[in-house]
Structures are given as structure tokens and as C-alpha cells.
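The same chain A turns up in both complexes below, where it pairs with chain B and then with chain C.
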Partner chain A sequence: MHDPHVILKVISKFLVPFIALFAFYVQFHGDFGPGGGFQAGVILASAVILYALIFGLEAAKKAFPPSWVRIGMSSGVLLYGGTGVLTWILGGDFLSYGVLAHDPAHGQHYGIIAVELGVLCSVTTVMIAIFYAFGSRQPEVDEDNW
Partner chain B sequence: MIISTLSTVILDSNLGWTGLVQSSLSCLTIVTGLFFVFAGTIGVLRFPDFYTRLHAAGMTDTLGAELILVGLILQSGFTQTSLKLMMIGFFLLLTSPTATHAIAHSAYTANLKPKLGKHNFSKIRGGRS
Partner chain C sequence: MSSMSLFPQWIFEQGPAFLIVLPLLMGAVTAILPNRSMAWWVTFFVTLICTYTAFGLFQHIYFDGFLLYTMGGWAPPHGISLIVDGLSAPILLLISVMAMLTVIYALPSSISEIEPKKRAPFYAAFLICFAGLMGMVITGDAFNVFVFLEVSSISTYVLVAMGAARDRRSLAAAYNYLIMGSIGATFFVIGLGFLFMETGTLNMAEMSAILSELNGGTRVSKVGYGFIIVGLGLKIAMFPLHTWLPRAYAYAPTKITIFLASTATKAAIYLLLRFTFTVFDPSFDYIAVMLKYLIMGAAIVGMVLASFQAIFQSDVRRVLAYSSVAQVGYILLGIGIATSSGLAAGYLHLLNHAIIKGCLFISVGAFWYRFGITRVSDFSGLFKTMPLTMGAFTLGGLSLVGVPFTAGFVSKVKLILAAAEQEMWWAVLVIVFSSVLAIVYIGRIIIVAYFGSPPKINGSTFIKNEAPFMMLFPMWVLGLMSIAIGVNAFGIGDGFVSASEIAASVLLGGRG
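The block that comes next holds the complex of A and B.
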């Protein structure tokens, strides 16, 4: 019944949603201030990694399944590249967002939001994938032998 | 001399009474916070073993940083900036003692004995180890 990590569990359970919320704050702050997809992705991944460190890797894999990781990694790159291809189709250069709307300033706004969402998606899932890959390694030496 | 220059500075600036109280309170809290940060730094450098150093470092992180943040909130007044500073202070108040607790607990679990000095347990019990 006595759990030595009860303080860590309570505090991190309280903090994980706020870390995710702060990640989205950084994400949507990115087109008119400091911030952006890379930083937001790392912060969002750190919420999942904190959950995994405190509650164990199995619980984290139940909350954020590894299949989501695979889908997120590829769809982030697809969203980034697809925005560029869409501007090609609409008659501009690769990733020239001005052609996305009638007003070029609005088009640049939509384009940067789409690209930053792609970056957020793949950075988050790549960070979580690296953590899952390292965390679920089998130990090469037995626990008793070192 | 000092009082006369101070009074001329106060009379020349257009602070008003509330602004004067606000800025002097914020100066007071920032200076107190700096004192705690300074004491914590000296403690980390001078204390003999892990647990006492951790005590000094944890004091710096909580009380010193909180007092400096309170001073900055008073500086910035009733704005969005002070709301953000309040949130930073709240999360610092939650996380920094938790981190100190985690470090101290892991050191205790790893059988790191605290250094007890000359008044250790065996001396108090009459020299038998």
C-alpha cells in the first residue's frame, strides 16, 4: 500500500495537461512571435515522456499507442510536402504560400499554419518514437550482474 | 543628503502614491529574493555533503525565484504579463520542491548516507560504534 512515488505521481498527473496546453500555446504563437512547430513538438512529446517516466512505459503505450507514432511521423511529412505540392498545383513555386488564397497575405498565413502543423505532428511523434525505442530495449546485461 | 536627493527624485518623477508604494514594494521583494539566491549559491559552494547542498539549492529555486517573480508582478502592474508571471510562479512553486524531493529520495534509496560530523550517532551513544 505504501507507494514511495506518490508525490511525483500526483504532481505529474496534474502537470501533464498543462504541458500539452503550453505546447499548443507555443504552436499557435509561432506565426507572429517566438515559438513554432519544433519547440511545440518537443514540449508536447515531453508531456508523454514525463507520463512514461512516472507511470511506466506500458501505461504510456496504452495512452499514446505506437501505431499513432507511425501514422504521425509519416502524416507530418506528408502535410509539409503536400502544402508545397498544393502550391505547385495552384500555379506557384514550391511552398510559395501566396497562391493559397485570393489575398497573398492570407495565403501566407494559411500556408505557415499548415506547415507548422506538419512540423508539430512529426517532431512530436519522432521524439516519442525515439523514447519508446530506447525505453523498450531489452537489457543486454542482467540486472543482478552489474 | 541621501534623503534630500531621494525626495527630489520622488517629487520630480510623476509616480504618485500608488506608483511609489508599488515600486518600493517590488524593489523590496526583488532584493529579498536576490538575498535568498545569493545565500543559496554560497550554500551550494560551501556546504559539506549532498543533502545540505540540496537543501541550499532547493531554497534558491523556491523562495528566491518566487520572491523575484512577485517583485516582477508588482513592477508590471495589472497586465497580461503579470498573469503570465503568476502562472510561472505557480508552476515553479509546484515543480521545484517536487524535483528536490525526487533527487533527495533517489539519493536516500541509493544508500547515500548523510555526513553527520563529529556529533555522530556512535559518539552520542558513548563511543561504541
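The block that comes next holds the complex of A and C.
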């Protein structure tokens, strides 16, 4: 039996890592230009979604288990809020990144990176959660009905 | 000043942000807790700590004036500021106390209402809803209001839908609420867009300064105000926009009904006050017209029609839900009068109604918990089977009607005096008439419960089956609270009255 979607599968296998890489480019570019955690999160999630579309939901759930999704959603928020709590512990106002380093400008830098990572984490997992929730609702499309 | 030492100094410096951050972060933690019973403990301690913090801030503003907190150290108007003043502090305290009492009630009721697997997410959604409501009240940034409004609304839709384990109709109710709530939030944000167009800022204090400089602004800000009123009206359940409320209250899990009835609409009314009186100004001609005709008109019609609707409901939760719409009418009437005594009366009724409705909904929840009943006809003989719960229900009911020596009486008399001051005799008449209708819809339930006989079970007529302590405690706290306000025990009544007067003075100029 030969696989009817061999081209799709091979090409998307090539694409998935590049999409993920691009997501991280957008993520870290957000520090000084257009981009940031939200956009990067959507792009990163789209890599998983593409994988799920081509290889099926079950394969995607093996690659990115739903238990990660739940933990990721919360830990993103906690990473964001935790940065604020850290600034409290260091004696500043909530989310005043200036206290994170000796030089306030560096502190702002570290703070925004931590916060954006939190956003990335939450947005990616929420996007995947939505896709999993809708994808699980109906039976998989039959091979002949593509 | 000696009482100030009860609170660490840190609370006065960082408390405003702490009130939002603690429930929000603990909500995220609760969602991934492995141990299910721990979720309740976490939620309980979060609400306890928030109550303590809110109480500290409440005292602080009376001794030292209002608090301004700059998020991330960015000064307004560019950064987001949080404001605790005489207007927001009582509502913050109210929301956290009601959240704490609801959580106490929730421990026994969750056993029968929420599947074990869903309890941790349930408490997580509850905490996030709580954080959203606190955020709505505390923030001094208009767009931030919208964000927190959505945070609290979206978690509320989820919470209402969780009633599906008990009653599938809650899904339809939640969906209906979702549509209406989203329309409301959209209208609100469109209104903010217009305001931003006019003033170029989102900071409320800055907005207010620019608007009064422009003497009310052009048609843009008028349209903006219209959108904001409709958007908030949906959230408040102002009379013609209240259709989502009875179903959402009736089919949500009982503890969510308690929490929503005593906090969610109140926070939205707070926003209405905040926008109408401190961002805009009642001296602008269009605001005066809106207050006089739209808000007061909706209030009057709602007070009478919703009371009539309450009389004809067969489900007790729907009776109380329609009664909530009518009571919102009282509050809006006070706001519409727009004098300092009218605003104080409306604000006082807002606080009192939250306490009264909390008490009533907790006792109805206890009836449901013990016997699975919510219909008026099923209340027959409840005074004999659940005397303590029915006693609390009666206290709440009397207070809702406005019998002397109860909280309802105090605020209704103040409202009548405020209307009489302006020689609005028709308003006095409507208040009295609507109270008579309240006697009918509450009296109907109480008569059945007192004079009916309990149903026969296996030939024996009398079984006493009192609610568990965890339910009796919050309902009697609220019931006795309403009496304490009515008879001014321990100065509680005076405390509430002076809190409402300070709030009114904040609204009519100058931060107090």
C-alpha cells in the first residue's frame, strides 16, 4: 500500500521546524521591533496544528500531549505574574522591571523577555487547546473522502 | 489610628495590585493542582486574604484619603493606575466578603453540584471571575476596565454553564448570557473608542479633565456615552436589557447565583457611577437628560414590571432573579435623582441589596441541597423541616420588602426622602407600590413555608433536616448583618450610611 499523501507529509515535515524557528525569531525580535509573545505563540501553535492536519490528531497528541496544554496555559500566566511577584520581592512596584538588574535599563530588558515568554507559553497552548477541543468533536475524515 | 497597626504597611503601598494579582495567579495555580480538595482550601485562603487586604484599604482611605497605585511604576496618564477611594473601597470590601462567604457555602454544595473532576477548574474559574470583578472596580484606566470586564464575564459564562451537571437548561442560559454579555462588552468598548477619539487618553482622571475643559465635548463623546450606557446596562440588567438574568440566575450552580447576584451587577453599577459622575459630569446637558429620562425611566418601569413578573414565577430562583431586576431599579432611581442624598441612598441600597440577596440565595441553595426543591409550591412546611434556614430566608425576605429594623428599610426610607426632597412624589409612590409588590412575591413563599404542612414520607409527616453548618453560617451572617444595619447595632448601620455618603461626595466632586 502506498501512501497517497506522501508529498504533503514530506513537505510539511520540512516546514514544521522552520515554522517553529520563525516563531522564536518573532518572539525575540519583539524585544526591539514588531512581534512578541502573542504573534509568536500563534505561529508556534500553527506548527503543531499543521502537523495535526497532515498526520492526524492522534499523532499530534502524541507529539504534544494534552496534559502539556493544561500545564502550559497556567504556567504562562504564572511566568508573567511571577515576574511581577519577583519585582515585589525585590522591593519595587508590581511589574516594575527596573529593579530586576543593577541597571534599570537592563532590568526592563530582562523583565520584558520573561513576560513575553509567559505570553508565548499561554498563547501557544491555548491555541492548541482550542484546536484539540474542536478537532476531537467529529470523527476523522475518511481516507477516501479527502 | 490604633487599628491601623493590624495591617502591615506593605498593604497600603502594594495592596491595590495585590487584590487583583493574588486571585488571578492563584486561579492559574488552582487549575493545575493535582489534589482536588486542596482547590477549596486555596480558594478559601485567597478570599480570606483579599478580605483582609480590602478591609485594610477600606480603613486607610477613611483615615488618610484615597490611594493611587501606579502599575509597573509608570505614572498616569501614560501608565495604568489603580485607584482606591471612597467610591471603590466599599465595593471592593463587599466583593471580597461575598466571595469568602460564597466559598464557605461552596464546600458542601460542590459535593452535589460539581463533578469531582471539574472541581479544581471550577474554583480556578471562580478565582479568575473574582479577580476580574476586583480589577473592574479598582482600576483607574478606562480600557483596563474593559479587559477586566471581559475577564470576569468570560469566567462567569463558564461558571453558569457548569450548572449543566444538575440542570441541562444552564447551557442555554449560559449561551444566552454569552451573547448578551458579549454585545454589552462590545458596546462598552465602542463607547470607549469614541471617548478616546475625543480626548486622546484612556486614563479616567485625564479623560475627565479634558471633557470638562471641552464642556462635555462634541457629538462624539455624546455617542460614546450612549454606547457605554447600553453596554453597562446589559451588565447591570437595567430593565429592558435584563432578559439574560433570570435564566442565568436560575440555572447556574447555586453558589454562582449567590456570588453573581451580590457582586457582578453591583460592580457594573459601580462602573456606571464612575463613568457618569467622575469621567463625565452630570452638569453636561446630555448627561443630565440621560439621568433624568433614560436611567430614571428605566428604573421606574423596571421596579414595577419586574416586580409583577416576580409575582407570577413558579420557581423561587426566578422570583428572586426578577426581584433583583426590580431592586436594580431602586438603585438606578437613586442614581437618576443625582443629588447627594439620592446618590447616597442608591449606593446604600446597592450594598444592602447585595447582603439581602446573598442571604436569600444561600437559603434557597440550602433548600435545594437538602430536598432538591426550588418551586414555590414545594416550600410547603419548610419552616417545620428546616427552621433555621427558613428563619434566615424570612429575615432576608423582610429586609427585601423593607420592614422597619432591617437594612432594606433604611435604604428605602433614604431613597424616599431623597425623592421627596426633589418633590418627585410620583417616585415616592412608585417606591411604595413596588414594595407592596415585594410583599406579595415574598409573602407568597413565606406563607406556604409557614402554614403549609410538610409532605408525608412513609406515613410520618415530620422530618427535621437542617442545612449543614457551612451553609447556615454564611446565611446567618448576612441575615444578622441586615438586621444590624436596620437597628444600627454596634454602629454598623451608621458605618454603612456614612460610607454611602462619602461615596456620594466622591461622585459629586472631589476625591474623599
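Heads up, the rule we're going with is that the second predicted complex is superposed on the first by the 136 of 146 C-alpha atoms of A that agree within 3 Å, B and C clash if a C-alpha of one lies under 4 Å from a C-alpha of the other, contacts with A are read in each partner's own complex, and residues count from 1 in each chain.
Operating definition for what follows: a residue touches a chain if its C-beta (ideal position, glycine included) is under 8 Å from a C-beta of that chain, and two chains touch if they have at least 3 such contacts.
All figures in this text were calculated on a predicted structure; none of them were measured in a lab.
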item: Chain B versus chain C as contact partner of A:4, first or second or both or neither; value: first
item: Which of chain B and chain C A:98 touches, first, second, both or neither; value: second
item: Residues of chain A touched, compared between chain B and chain C (which is higher); value: C
item: First, second, both or neither for A:14, with chain B first and chain C second; value: first
item: Partner chain(s) touched by A:57 [first = chain B, second = chain C, both, neither]; value: neither
item: Touching partner for A:74 - first (chain B), second (chain C), both, neither; value: second
item: Contacts on chain A seen with chain B and repeated with chain C across the two complexes; value: none
item: Contact set on chain A toward chain C in their complex; value: 70-71, 73-75, 77-78, 81-82, 84-85, 88, 92-98
item: Contacting residues of chain B [partner chain A, same complex]; value: 91, 94-95, 98, 101-102, 105, 109
item: Touching residues on chain C, where the partner in the complex is chain A; value: 14, 17-18, 21, 24-25, 28-29, 31-32, 69-73
item: Chain B-touching residues of chain A, taken from the complex the two chains share; value: 4, 7-8, 11, 14-15, 18
